[in-house]
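Okay, so chain A shows up in both of these, paired with chain B first and chain C after.
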Partner chain A sequence: MAKITLDKIAHSYLPYPKTDADFALKEIDHVWEDGGAYALLGPSGCGKTTLLNIISGLLVPSLGNLLFDKQDVTHLAPEQRNIAEVFQFPVVYDTMTVAENLAFPLVNRRIPRDEITKRVSAALDMLDLTDKANRKAQGLTADEKQKISLGRGLVRYDVNAILFDEPLTVIDPHMKWQLRTELKALHRRFGHTMIYVTHDQTEALTFADKVVVMYEGEVVQIGTPEELFDDPAHTFVGYFIGSPGMNVLPCDVAGDKLTLGGREITLGRRYPKMSGKTEVGVRPEFVRLAPAGQGAAGGLPITVTAVEDIGRFKIVRAQLQGHSFDAVLPEGSEVPAEASAVVDPARLKIYHDSHLVRGTA
Partner chain B sequence: MDKTPNNKAWFMVLPVVVLVAITAIIPLMTVVNYSVQDTFGQNQFFWAGTVWFEEVLASERFHDALLRNLAFSGIILAIEIPLGIAVALAMPRKGLWVPVCLILMALPLLIPWNVVGTIWQVFGRADIGLLGYFLASIGVDYNYAQNAFDAWATVIVMDVWHWTSLVVLLCYAGLVSIPEAYYQAARIDGASRWKVFRYIQLPKMNRVLLIAVLLRFMDSFMIYTEPFVVTGGGPGNSTTFLSIDLVKLAIGQFDLGPAAAMSLIYFLIILLLSWVFYTVMTNYGADKNPAGGGQ
Partner chain C sequence: MTLVLQNVSKQVGVEEHIRDVSLTLEKGSLNVLLGPTLSGKTSLMRLMAGLDRPTSGDILVDGKSVVGMPVQRRQVAMVYQQFINYPTLSVYDNIASPMRVAGADKATIDRKVRAAAELLKLTPYLERTPLNLSGGQQQRTAIARALVKDAKLVLLDEPLANLDYKLREELRVELPRLFGETGAVFVYATTEPQEALLLGGRTATLAEGRVTQFGTTIDVYSRPTDLTTAQTFSDPPLNVVPMVKAGGQLRYDDKTIAAPAGTESLADGPYTVAIRPHHLMLHRPAGAALEVTAAVSTTEITGSESFVHLEHGGSRWVALTHGVHRVEVGDKVPVYLDPAGFLVFDAQQRLVAAPAGQSAAPGMRA
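Coming up: the complex of A and B.
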């Protein structure tokens, strides 16, 4: 178990990167705590796998250094880094039994036999595989195979980190919850540093203490699930986290006045003068509907296009000046035929060139 | 919903039955027909029962040819399978050299059997052949027409040259289908090169190796053209394999009854041995303890 330091790491697949766009992974400078559960979240091609491969040792970053505790491991091969990895598709040694699979990394490291037996039976117990110990790994289901992959990391007590590369891709939906819960429980019990790559926000938010959201090669926000929801640092985080995602609309901001949809709203904070793209974001969960013309300052004039009733709540799809604008209403609330949207100014987030601007009180 | 019993669907398999009857069943039955009858020409046949089978099974000539064939197939498998695996492992997985290697490997497979035989027949001659001349000039007394060992060595080297490529290509196909994650996992688990081969590559090649072993066994057990062209079954009878003997019996001596009986026995031996290979190789590595059980 180790603290992982990403010291100004950046990577380009081109031999001589010149501009920012040449980098598949733009500079990241961060320290990941020992024993933390981190999720790298982002769409395909955002650089999350590149970052994982840099940590696992399959890639050497173009720039920067990687440290496990105080040791510089930037140029070490995967086998020298003392890490474990669970891959997207289950990797098991087909001809070995479950117990032999778990013993394999220990046998290779010449651990004494009775110690191996002890650790393997402990791992079998942890993973609830004891009754399958003597079966060939080949005939097991995908989720059991993934558990074996994880088990090969768990038997090594001294691993610096356990890496997961979209490990639930091939698992049946009803098993995903269970595996994730087991994983979370194992993390709480043993405190391994875990890094989990996924493009599924539910997986990331339920697994991780800290979610690292990546977009186009850049880490746009690192935060707890709550921070990502309440305070998205980038419009992409707003879109990507939450279902439906954040409403983001172009607007004008001058001082503490926001002009949107022909209405002027007074914000609680003052903002500097901004040139370029200025947008306002608000989570659909914080939008309320009132009959047209009512509410503070008359509300925002919206046109409701559809209402999706999904049981516990209603999703109202609407248009505001040609941009889509959603609202999530509690169960049983009425949707007025001619509606206007009412929002709490404290919940409005201002973005300049997609990045959050906090303003001053 | 009630189902109407209806057997019309059997008509759907009729075309296949007709086709297989023409290509396999009818010729095979002709052979069966000859094997239990005797003839003196003029299309007159007499019932002979199992006489020809008994005669063939008791004949020393058949035993010798069978033993030679078993030895030949054994040697061929023992050389070509490990050699094929080794070459496949050494081939590049990506880059410019992949197509070059694949074409080089495929070349021998494109050459017809009798041409291969002719090539080696000339190649091995001491007077005009490159190999024969070279061996003679460094003082090796090599003559496949007179020395039984030389004749065997020639036929074996020729078959290895001609057919190892097949094993290589099959193994290579098995190797490239292994996902990269397996190798990464093995590195992380600290596995040695040998263990990567033993626990990842060999198990993943199991199926293609089964095909390779079956094909090479059946082909080598039925070998005819190359020894016929190069040695003609000699010197003496030293390279007279079952197929060569069979042709001598059927066409050389026109003993249709014994030849037909021998064909059937020959066919059954190949079938039996192929079944043995198949059973052994598919059961290898199967789950012997499916009920599980604790440690």
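Coming up: the complex of A and C.
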């Protein structure tokens, strides 16, 4: 297991990149802790697979260096990096038994036979596959095959990292829960450095200690699920994390005063003068509704267009000055026919050119 | 049109894929088929489309049997989970193809292709071939082709399963609206309860080839008529707890609590209580609740909510709580079973009591 240092790494698929736009992966300078569980999250085309390929060694970055602990591995081939990878589709040898599949990487590395037996039986136990040890892999279900792919990484005690590339794509929804839970428990027990690529927010947030959110080749935020939810550093994070995403609306900010929907709201913090695009963001979970005209000074004039009752909560779809504005209300809440939106000023986030501005106390 | 299935069964070899299904799908309605893989969703859609013939039972369109009528004459459009397009044709020609087959004139074709492309955000890609598009764009091409067809019956089989979730969010709102305007019978298959709830309309839950319940989506969710339906309609999984009713009390694990409203007339004896994860509390609720101690097996934090997986007396439970709830794996924590959230099933697993709660949402949909 290793600490992974991304030392000013950037990548372009063009031979002579000139502008920023030529880079599929813009400069990233970060250290990922030994034993951490990281998720790379973003829509297709955001650069997450490029970054994963750089770490696995399928791609040499145009700029920068990659270090596993203190060793520079930038130019090492994948097989020299001592990493394990689990792909979207399970890779198993159908004609081998489950146990033989797990033993395979150890046999290749000429590990003594009794050591192999020991490790394989430990892995079978961990993955709950002991009773299928001598079955051919052929007849197994997709999630069992995916467990074998993972197990081949687990038997190698010295791997620097285990990489996952959308590993739950072919798994049934109810099995996803179980597999994700098991993966999480394994991580807690053995402390492998794990890097998990996905476009699914739930998978990323539930799996990772730290989520790396990527957008158009750029890492826009690295944070815990809580940080991404409470304090999105970029409007894209606000939109992409959470369902529905954050409400983001153009506004005016002067000092500690926000003007939105014809109302002035006193923010808890002061902001510098900003030229360019100024927006305010608030998560639908932090919006409450009051009958129109009521509610404290924060009451914003909204027009409710639809209410979706989805059981454990309601999504209220509304408009505020021509922009969509959603609220998420707890189960059983009443929705006033004529409503105004009430928000806690502490939950309002100010964005300048899409980036969070924190202001001063 | 109105589509009626009367006691439809489909047997393939020795296996029964569809068992005695009766459904009435009204003109202009949105109908969700909800069930896990292999529960019969696709088989049922193929029967509706006329791609397969039922082993027994009848299928009626506006009162007339259509069994045996070839699919080409049925005005049906179908979209599959795996996007299917003509790889050598441009996006434009892909969308145009059903109208060309139907012999529409050039101007009509052009107008409708461009309108559909605009709605599905495909205008910049009309000249490309599908293989040069992302998965989402390929699926939108397949959907556009179904849209221009003016079909009377639109069947979508997990159409968004392979797309990234922000795109799903968007299309999930758009699709019912797009097809709703055409007045077609709209049928949408999914494995995900959340998706059914977001779509609204009416839901038929499927289990092992049988329709276990059919009704307004939120009603099926709130008042599942049997335990199987309740389980089909719960993600994360439902917590199932055996309890015994005795003299106005429910007993579990040597603890008792006043039985919830609606159970007064029930005979004493064993019942199955199902509790949705958001009704399994880690904080003491306002009213009385059954308190038990469970071991934490893992926690998952999404930022706004936490899933806490628990073990109690050999059963696995999951609690869904608001906010971030930090507990260590292995910790023993108090868990509160709030009777206000109990779905109570009898020995035959039929629903006998459900939370009074909310009636269906008033029609505020714009």
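Convention: the second predicted complex is superposed on the first by the 360 of 361 C-alpha atoms of A that agree within 3 Å, B and C clash if a C-alpha of one lies under 4 Å from a C-alpha of the other, contacts with A are read in each partner's own complex, and residues count from 1 in each chain.
The rule is simple: a residue touches a chain if its C-beta (ideal position, glycine included) is under 8 Å from a C-beta of that chain, and two chains touch if they have at least 3 such contacts.
Given the structure is predicted, the values throughout are model-derived calculations rather than measurements.
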*Between chain B and chain C, positioned on chain A by superposition, is the outcome a clash or a fit?*
fit
*Tell me which partner A:G242 touches in the superposition: chain B (first), chain C (second), both or neither.*
second
_Let me test your reading of the model: by the given contact rule, A:D252 touches which partner, first (chain B), second (chain C), both or neither?_
neither
*Touching partner for A:D125 - first (chain B), second (chain C), both, neither*: neither
*asked:* With both complexes overlaid on chain A, does A:G139 touch chain B (first), chain C (second), both or neither?
replied: first
*On chain A, which partner touches more residues: chain B or chain C?*
C
_Nearest 10 degrees is fine: what angle do the Cα centroids of chain B and chain C make about that of chain A?_
70
*Could you look at A:D344 and tell me whether it touches chain B, chain C, both or neither (first, second, both, neither)?*
neither
*Looking at the overlay, what does A:L58 touch: chain B (first), chain C (second), both, or neither?*
first
*Look at A:E33 in the shared chain and tell me whether it touches chain B only, chain C only, both, or neither; answer first, second, both or neither.*
neither
*Least Cα gap, in Å, left between chain B and chain C after the two complexes are fitted on chain A*: 5
*Where on chain A do chain B and chain C both make contact?*
none
*Complex contacts: residues of chain A adjacent to chain B*: 56, 58, 77-79, 83-85, 87-89, 91, 93-97, 99, 104-105, 108-109, 117, 121, 124, 130-136, 138-139, 149, 152
*If you look only at chain A, which of its residues touch chain C in the complex?*
43-45, 172-174, 177, 180-181, 184-185, 188, 199-202, 205-207, 224-230, 239-245, 283, 285, 304-312, 314, 331-332, 335
*asked:* Show me the residue ranges of chain B that touch chain A in the complex, using the header's touch definition.
replied: 179, 181-182, 184-185, 187-192, 195, 199-200, 203-204, 285-290, 292-295
*Tell me, which parts of chain C touch chain A in their complex?*
36-37, 134-136, 164-167, 169, 191-192, 194, 197-198, 200, 218, 221-222, 235-237, 276, 278, 297-298, 300-304, 307, 309, 318, 320, 324, 329, 357-358, 360-362, 364-366
